[in-house]
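Next, two complexes with chain A in common: one pairs it with chain B, the other with chain C.
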Partner chain A sequence: MSNIITVKDMCLWYGEHQALKNVNIEIPEKSITAFIGPSGCGKSTFLKTLNRMNDLIPGVKITGDICYEGTDIFAKDVDVNNLRKEIGMVFQKPNPFPMSIYDNIAYGPRTHGITNKMQLDDIVERALRDAAIWDEVKDRLKKNALGMSGGQQQRLCIARALAVQPKILLMDEPTSALDPISTSRIEELVTELKEKYTIVMVTHNMQQAVRVSDYTAFFLLGELVEFSKTDDIFSQPQDKRTEDYITGRFG
Partner chain B sequence: MRNRFDEQLFELNREIIEMGAMCEEAIAGASKALTTGDVELAGKVRTNGNVIDQMERDIEGRCMKLLLHQQPVAKDLRLISAALKMITDMERIGDQAEDIAEIVTAMNGHTMEGMKLVEEMARETIKMVTSSVDAFVKKDVELAKRVIAQDDIVDDYFSKIKCGIIALVAENSADGEFALDLLMISKYFERIGDHATNIAEWVIYSVTGMHKEV
Partner chain C sequence: MLNQSLSKKRKSFEVLMKALMAVSVGLTAALVLFLLVYVLMRGIPNITWELLSSKPSYLTERIGILPDILNTVYIVLATLLLVLPLGVGAAIYLTEYASNKKVVGIIEYAAETLSGIPSIIYGLVGMLLFSNSMGTCLMAGALTLVIMNLPTIMRTTQESLKTVPQSYREGAFGLGAGKWRVVRTVVLPGCVDGVITGCILSVGRILGESAALLFTAGFAHAVNGLIDGLAAPGATLTVALYVYAKEQGEFGVAFAIAAILMVLTVLINFAASLVQKYFAKRRSL
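The block that comes next holds the complex of A and B.
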């Protein structure tokens, strides 16, 4: 399995505050990588850096290299919109646009220039099928997405991310606002998605990391303390800080 | 939450130590009954077997509860899974001590007095059981390794005793039943040594995450 993202000596500052310190990591493609760590450890910051979402925050300074499929994502000729098409993002709280289910999914492809109705229909159906929500919504595609349940909205957001055919899906605590049934549907979905996509997710739910991820990275105070196969991290962590955190004896 | 978890793990440790001590007592009692022909003591060993069985079920229940409630990982998971495996071996040690005691009861005063090799084998085996439990208490990998090495000594005793029994039967074929009892007893001690070895291997796993067999 090859690595889709390679990060070398990455540091990030919010103004004077250093939020990430010399992060080095290689993310294998078509697998699920989970980022764990206490609040404020830098894991979400790091996740957002992978598709340059932090560009939008004033005062951010980044050093080091992040390569996506061998290309430096900070290179001058990189089109950020294109990068975010390849590396999509799903947030903690489902955030559908206040428009129909269909238009939510078609939004991305339209902004990338697709206007053909048949082609859009096809993309919408495929994205909704991939996100395991097609059967639930196929008869009400014209209804407003805000009328869906939280779990459905989150799967819709996943479908929306998939509609532009990304290679990587970044997920920032994708189930923390959902009930257990919706959570397990998303977990199942994510496990299926790794056949085609690379998934990187931040989670506060340690059991979720154990259940779904192939690799786990533990962050603490802006440092990547340990990165390894999930089974290894949770059975024989190499660093005492990892052990203390995952066994709940932190601090 | 974790304070309570730590308390429960402490309790689990205490119960395993207690069960280990019961096993040591059972095998020491069986071995003493064997040399002295003390039928009463043999009876006591057999009754204590039930207590050991009950302890196994209690500890098993506690481990299941901890797995369910605390979803342990890393060293906690290793401790609990090692505990689940170890108590099976401890229970078998208790059973085999019982089996020895049962033979003593049926020997009608026939004792193993003077059977130096059996006495020595019993002593070595008790040492293995005591050390394996000690290794668990102290999380002592080196001691656990010594227990594993000691199994060869116990196995040697078994081979020597077997040869002795063959000579005994050749010499006096009328005492065939006694010879068989002797063989059974030494085989039980040999098995107890194997169980102590298993316990030691699980101690090493619980501390280091590495199991010899894996």
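The block that comes next holds the complex of A and C.
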């Protein structure tokens, strides 16, 4: 299996504070990679660097290389908007726009120049079907998205991200604000999505990492401590710190 | 044994304080009510259809405030048309684009100060800046009012821009939207209520403004169309009120205008609270 993202010696500073130290990782295509680690270990920060969402935060400095399909994402000729079209994002708290369900999904395609009504209808239906929420919302596409439940909103946000046909989907603790039933629906969905997309997700929940991910990366204090197949990392961790964390000795 | 005399003292102190505050409330309410009733009682009998629909003539000694009503409408329109794009644009730039927080702070501080300056100073500056070059006319008055209302529009817009959740912006950026698209489609719709509230407050301020217009817009009472009207000198309702009361001793007319302005002010405040309620409801959906 080939790697879609390659990161070499990446460091990140928030002002004076170094949040990530020499991260090296290769993320395999069409698989689910989970980032685990205690709060403040830098896993979310690292995730947000992959589609340059950290650009929005003043005072962030990054060194090292991140290559997406062979191109340096920090190169001057890279259009960050196109990068984010390729590498979509789902946030911790569901954040649908205060508009109709249809307009939420159509937002991305419209942003990238699709105005044809038929084509948009098609994309909206496909995205909602892919996110396994079509049957629940097909009769109320014109209703405001803020009227949906939290779990539905999060699946809507996944559909919204899928509508621009990204290659990679970054998910920042996508179920931490949801109830157990919504959580299991999203986990199911994510497992289905990996046939078409590469998924990188941050999770606080180690069972979730075991349940859904193929690969797991363990972060601690800004360092990537260990990265390997999920089965391996949870059955025979190589690093003492990983072992301590997954056996619940700290974190 | 409880200390009877101390508790008595405390009790009478309580009663005294309560009475003092009740008196304050009573006085405040009485003053406001008196003003309202007095102006309405003296003004309303003088409001006739003829007064509202004709222009004054020195030959027939007839008095009409139609030109003043029109001038007021023109000056409100012209001012809003100019101040809205300026104020909203500045607010968007300061909140969404500007990265130097220090400069933003200074500009916000300056705007705040600007809105506290007595309006007669705006009049003086407006006279030198606008009336000297374009002559005394409604447009010079409108431009002066633009400067005066710019901080209001800018600050209310800014405040409501800040209430648009950051997660909306992140969501849009995450889909590959550029800065301007994020602002236009996600941020601006969220701050419409602030802009409308700012507008309503400004209209109220324009209606009530006289000092700045005495210097800049003049006192004429001619009926004009919008374009001609802006190029010609003219009195708004508040200025006309001053002229009729102070220079012609026509207190009946002055009170009629006062009553009209007062009713308008009530309506404007009512509209502002309606708008705020409407958007608060929509937001809580």
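One rule holds for everything that comes next: the second predicted complex is superposed on the first by the 250 of 251 C-alpha atoms of A that agree within 3 Å, B and C clash if a C-alpha of one lies under 4 Å from a C-alpha of the other, contacts with A are read in each partner's own complex, and residues count from 1 in each chain.
Going forward, a residue touches a chain if its C-beta (ideal position, glycine included) is under 8 Å from a C-beta of that chain, and two chains touch if they have at least 3 such contacts.
Not measured: the values here are computed from a predicted model.
K.L.:
More residues of chain A are touched by which partner: chain B or chain C?
P.N.:
C
K.L.:
For A:Lys138, using the defined touch cut-off, is the partner it touches chain B, chain C, both, or neither? Pick first, second, both or neither.
P.N.:
It touches nothing on chain B or chain C.
K.L.:
Once chain A of both complexes is superposed, is A:Pro98 in touch with chain B (first), chain C (second), both, or neither?
P.N.:
second
K.L.:
Which partner does A:Phe234 reach: the first (chain B), the second (chain C), both, or neither?
P.N.:
A:Phe234: touches chain B, not chain C.
K.L.:
Touching chain B and also chain C: which chain A residues?
P.N.:
None.
K.L.:
For the complex, give me every residue of chain B touching chain A.
P.N.:
By the definition above, chain B touches chain A via 1-2, 5-6, 71-78, 209.
K.L.:
Note which residues of chain C are touching chain A in the complex, please.
P.N.:
99, 165, 167-178, 181, 185-186, 189-190, 283, 285
K.L.:
For the complex, which residues does chain A have touching chain C?
P.N.:
51, 53, 56, 58, 81-85, 88-89, 91, 93, 95-98, 107-108, 111-112, 144, 146-147, 157, 160-161, 164
K.L.:
Which stretch or stretches of chain A touch chain B in the complex?
P.N.:
206-207, 210, 234-237, 243, 246-249
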